[in-house]
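Here's the structure, in structure tokens; my notes come after.
To keep things simple, chains are lettered A, B, C and D as they appear, and every chain counts its residues starting from 1.
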């Protein structure tokens, strides 16, 4: 027997532990799952988009703003990810819902017709801010500014909290719902 | 005026310079282009697929073999990339046609209805093997074993050769055809 | 007033959290500290040493073995690190004492005459093994096989345990001892 | 028979190809050589030093400026690298002589008593600027602003030019002098 879910959406703030959970899910789930992320999308965009008002910007306090060209590519990417799942790939999506409920609505539209498990990845803002320092590769302040914001109005099938639970444990909890 | 092309496919062996050309294309083309690659696809697969006969394997001599589960995810990825382009993103695809003409046929099917510029990225096998050492992050032998293989029976709109031409120059040549 | 310590040695098994603590120490300590690590040393060696009996080997179960040429370079590196500290740089050393007490003795010899804070970084073997999966860039099994081994017979000024304490908290605890 | 040289210093501007040559030297030289670099030193410093006048700064035009705390750590690092070589490690140093002849003089002092092969790594400024785009991970402008500057008044045993010669070829040329 295999899972009925075709997509797992992990939503959480920066440094909440999403990508670690995604890697663990790939390790513990019996089927092979592709892992895609908003971070990988940003990396696949032209560097110039990271320095212009049309693209994505990181304020000194860690706030992230996105412009029209970023949004266009992001929408196309969402369509593409949905098509991958529709074509038979199991897909884990690791995203940051900067728009909260509106971001979820965008994904709902893109993923229409697919079986999706919506997972909220929580982490206490101060703990996430500490892990941001541990990682050393993220603009300071992102973790704290996004910790609550990204969950506003979002509906989940399941929530995990990495504040005091290891990523692998969180992944195992998610896996029991997938299976 | 903007380009009529929606997709640029760069095909070449390992260490032929495709991803460098892709980055340069993103820098020199006026519109924002997404850059996707087979390397990024492999990174988004479960690590276990890199160690089993069902996934992707790297022989000591650099030869690459792929199994059924890899192919399934790869086909779904191709469908997804095509959907991104169909949804309005300009996409540069950086791939290695291990199957030569058959690989191109797979892409032709996936990209049906889209305006595609097919670009062959050549590099002398011995020079590519040297650059593999320079990079230091690839299994030795891949460059040499793929240099000619990946171009067998493939039809291009344009070919560039990085043996004696800088990646940026190659990208500029490609850009004149895109524009 | 500045610290009397010139060197902080962090010893712990793979995936115990040493390098994260080192980054946090750099962030919380008032003076600038250089951070050096056995991982960086391995990266600075010729790739061929990672594939020969003379260098460093990783068994399928995660066990690490080192040969004579590795040891020669390692000893020279220890001498060099000590010289950096002697020349006025504050240095954090992030190491894995595969030889337990004997490894500490090697460092004691190299660091003779310098004020050293010896810190043990503990992490429950099963938790560390889980974090190894989260990271996804280490041979599986290293964390578990090293968790206890590296502390055998080693004397510390201070021990921290990342099993249930965040790296930043551990770093703050260490910082209070640094002065 | 083994080489009489204990240290190879590679000096050149950003994106001139030094680190690629260093990797190739490690591959072609019969003895194991450690490879250290100014880039690795910067990575081992606290991130805060990269954002303050006391540390290292990158101007929008690619110019690099260093402050007193950076210099202190750099001097200590030079002493440490010399000590590694003195303790028996063969060491390749990959540096950018922002101070030209004065930088060489600093290294001469640090490396006193050691057999050093001084190698200039040249690359046409425009070609290096193109490769900076290809790499995509360096501030734009560094390559061009450093191309000539770093060689001012520096005396070499040997110069190589990567403008039209592959890194592996350059490494082989250097290797014949190493002996």
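Rule of thumb we're sticking to: a contact is a pair of C-beta atoms (placed from the backbone, for glycine too) under 8 Å apart; a residue touches a chain by one contact, two chains touch by 3 or more.
All values reported here derive from a predicted model rather than from experimental measurement.
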item: Third chains touching both subunit D and subunit B; value: none
item: Intercentroid distance (Cα basis), subunit C paired with subunit B, Å; value: 40
item: Whole-Å gap separating subunit A and subunit C, where each centre is the average of the chain's CA atoms; value: 32
item: Where subunit A and subunit B are represented by their mean Cα positions, the distance between them in whole Å; value: 27
item: Two or more partner chains touched - positions in subunit A; value: 23, 27, 47, 136
item: Graph class of chain-chain contacts, one of line, ring, star, complete, other; value: ring
item: Full enumeration of touching chain pairs; value: A-B, A-C, B-D, C-D
item: Contact set on subunit B toward subunit A in their complex; value: 23, 26-27, 32-36, 40-41, 44-49, 54-55, 69, 72-73, 75-77, 79-89
item: Touching residues (chain side subunit B, partner subunit D) in the complex; value: 17, 20-21, 23-24, 27, 127, 130-131, 133-136, 164, 166-169
